[in-house]
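For reference, the structures are reproduced in the following blocks.
Same chain, two partners: subunit A is paired with subunit B first, then with subunit C.
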Partner chain A sequence: MFCEKATELIRELHRASDGQLPSYNEDGIRQVLEEMKALYEQNQSDVNEAKSGHSELIPTIKFRHCSLLRNRRCVLAYLYDRLLRIRALRWEYGSVLPNAVRFQMSADEVLWFNQYKKSLATYMRSLGGGDGLDLTQDIKPPKSLYIEVRCLKDYGEFEIDDGTTILLKKNSQHFLPRWKCEQLIRQGILEHVLS
Partner chain B sequence: MWVKRQERMLLEHADTARKHTQQPHYYDCYCLNGIQFLKSTPHHQQQYGRLFGCATTPRILPISASYNLGHLQGFAVSFQAWMNEKFSPELLESKSEIVECVIEQLEHMEENLKRTKGGDLKASIHRMEVERIRYVLSSYLRSRIRKIEKYFPHVLEKEKTRTEGEPSILSPEEFAFAKEYMANTEAHLKNVALKHMPPNLQKVDLLKIVPEPNLDAFVFLRVKEKQENILVEPETDEQSEYVIDLDKDSQHLIRYKTIAPLVASGAVKLI
Partner chain C sequence: QGTKLELPLWLAKGLYNNKQKILSVELPTVYKESWRTVFSADANVVDLHKLGPYYYAFGSQMLNFDSPENAELAQTILQTFISRFRRIMDSSQNAFNEDTSALVARLDETERGLFQAGQKGLNDFQSWEMGQASQITASSLVQNYRKRKHSELDA
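Now for the complex of A and B:
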């Protein structure tokens, strides 16, 4: 069956729940590309035949061409959707990705990610004077100035705005300015205690 | 509860202050560093309260009165720009002057806050205010970036076909970002897949494969200036077109395409 492999790629992404990045299926992509090559070659020879009078071949050629287009569409959709997921990771984790995620990406995707990181950083730096504005902060509307957080890992000393330092030890609870700990919460070091 | 108590303390404080000075008072409207912020219609207050989780809008005292009305209008306008951008399906015209003004203002306020002593009640409320404004600003820029990324070929195409004198929908920085994003994505697709495909399939028109903004999406809006004879195009073939009048302060649920020019001109606002 034509296009089966390509559909399988799409299904694979579809099965991975929202935002999850499954590992890059290089083998799948290669197989689809091979199928496309074979289809194309068959079509080439059939076109030559058809030109010399075998008009009964035309429907087959058309069918193969449709399969080619579908294959291309599936491959591009697969790649593009992965880019969107990788993009979301940049907003979630910041510019350094955890290793577990990095292993799921292909070399080209890492390249794309680095480029994207650079463009975004350039843009954010250009906002306002000085250091620019970090758009990945302030994701949720602020409801209060201070929030209660629980420490999930040993982090060490942490300085807050007025110059005092506190020790972030595992399982300790603190009442901290929200804008200081947003990043740490997303990195999984602190946990927002809702009560 | 805490906020309530804080508010009561501030009001008492305000009363004493009023007795001692002849400064104008802003206590019955939302006020920020001595200037009125969102000289609010009840609707605005409602929106603000819903967003930031305070049932009533806080009343606060000026820390310094060094801001002029221009800044204030900047905030109110940016609030509106933010809501429009958030609710419209397509990228709206760039409001870079407003963004700059708000950023400048934020920096100024943060400077002021640095000079206050720790533990000052007023300072902490102002700090909260800074946080809120920064949220609105970031959220506005974020939703723009998101739309640029989502519709990059269409955004760039629109920018290319723009006639001279027409305002740009992208700020120069956003334009640079969009161009880089497009080049980067195109290069990725080409290197990984397209390059290895049969020669007649290697060219792809990104305009065709990246979805367009859905201009037929329905949006809620409130009318700021009375409009007459708005032509509503038929949605399906069975319907015929008709005209409607939009009264001031009325609210509607309508297809975005119909009222897109009114959003751009500021005659209606999205809610």
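Now for the complex of A and C:
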């Protein structure tokens, strides 16, 4: 039966439905494309025969055409859904992705991610009367400029606005400017402690 | 001619054409008269997930083939949804900090989406009441990722 490989691609994404990025199934995509190529070639030769009077071939041609369209739809859905997930990564992790995530992407997806990053940065720079505005900051409205944070893992040295560096060590607690550490909290390195 | 086959929906949809009769479509059992009476009796007791996890979506796709039963089919799907909706909303708004798997097990995928939206609303409201809404939390993606990494290390 045709289109099984394509359905398998979709299933793969469906299984990881919480926004995780499974590794790019290059092999699967290639197999689907091969199937599509074979279908197209068979159809071409049958169309030529049908033109010369074999009208009983028309349902077969239609059948293959449907399979072609289905394959195309599945592949596009696969690629597009991955793009959406990759775009979400930019907002969740910030502009630098952890290696483990980056290895799941294909070369084209990495390229797309870099371009998305660039256009987002250009847009954010143009906001706020030329000063720029980081849209990924303050997703929740801030109540104070400084917040209490606890370190969840060893991170190393960290420089804050006034030039002092502090050492972020596991289980140490700090009182830091909110905008400096929001990103680190999102990444799970710091934990926001409510007083 | 005259053979009966099971075809995927997309294929049937592509091959179905009013002018050239390549195939005619028979409704799946769940959408037939006998099941429709079951739904009209009490839709709440039916295990929609078992009957087809996409009961509503698939049912509305069946309307693409103009069969004489279309009007009734559409009506049944709509009525089923209406009569089940109240219970879904009710349970999603009141099951706080509970195991919801028994509630969700019999829901169709569309209904599960609704249920989860309700649960999210309830949870967000509860955390706002406790004054935790302003806490910055690690993104769920990161959290899930870490969980997965841990389980891989264990294995």
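In the analysis below, the second predicted complex is superposed on the first by the 169 of 195 C-alpha atoms of A that agree within 3 Å, B and C clash if a C-alpha of one lies under 4 Å from a C-alpha of the other, contacts with A are read in each partner's own complex, and residues count from 1 in each chain.
The rule we apply is simple: a contact is a pair of C-beta atoms (placed from the backbone, for glycine too) under 8 Å apart; a residue touches a chain by one contact, two chains touch by 3 or more.
Quick caveat: nothing in here was measured; it's all calculated off a predicted structure.
J.: Contacts for A:186 in the overlay, against subunit B (first) and subunit C (second): which applies, first, second, both or neither?
T.: second
J.: Between subunit B and subunit C, whom does A:108 touch in the aligned arrangement: first, second, both, or neither?
T.: Touch partner of A:108: subunit B, not subunit C.
J.: After lining up the shared chain so the two structures overlap, which partner does A:57 touch, if you call subunit B first and subunit C second: first, second, both or neither?
T.: In the superposition, A:57 touches no partner, neither subunit B nor subunit C.
J.: Does the superposition put A:141 against subunit B (first), subunit C (second), both, or neither?
T.: Both: A:141 reaches subunit B and subunit C.
J.: Looking only at contacts as defined up top, I'd like to know whether subunit B or subunit C touches more of subunit A.
T.: Touching more of subunit A: B.
J.: Based on the superposed arrangement, let me know which partner A:69 touches: subunit B (first), subunit C (second), both, or neither?
T.: The answer is both, since A:69 touches subunit B and subunit C.
J.: When the two structures are overlaid on chain A, which partner does A:18 contact: first (subunit B), second (subunit C), both, or neither?
T.: After superposition on chain A, A:18 lies in contact with subunit C alone.
J.: Check the residue A:194 against both partner chains and state whether it touches subunit B (first), subunit C (second), both, or neither.
T.: In the superposition, A:194 contacts subunit C only.
J.: Output check: A:10 vs subunit B and subunit C. Expected answer is one of first, second, both, neither. What do you get?
T.: neither
J.: For subunit A, give the residues common to its interface with subunit B and its interface with subunit C.
T.: 69, 140-143
J.: Okay, in this complex, where on subunit A does subunit C touch?
T.: Those residues of subunit A that touch subunit C are 3, 18-20, 58-59, 62-63, 65-67, 69-70, 88-89, 92-93, 100-101, 139-143, 147, 182, 185-188, 191-192, 194.
J.: Using the touch definition from the top, list the residues of subunit A that touch subunit B in their complex.
T.: 29, 33, 36-37, 40, 68-69, 72-73, 75-76, 79-80, 83, 87, 106, 108-109, 111-112, 115-116, 118-120, 122-123, 126-130, 133, 135, 137-138, 140-145, 162, 178-179
J.: What residues of subunit B sit close enough to touch subunit A in their complex?
T.: Counting only subunit B, the residues touching subunit A are 51-53, 99-100, 103-104, 106-107, 118, 124, 127-128, 131-132, 134-135, 137-139, 141-142, 145, 149, 173-174, 176-177, 180-181, 184-185, 188-189, 191-194, 196-198, 200-201, 204, 209.
J.: Considering only the defined contacts, which subunit C positions touch subunit A in the complex?
T.: The contact residues of subunit C facing subunit A are 8, 10-11, 13-15, 20, 22, 131-146, 148-149.
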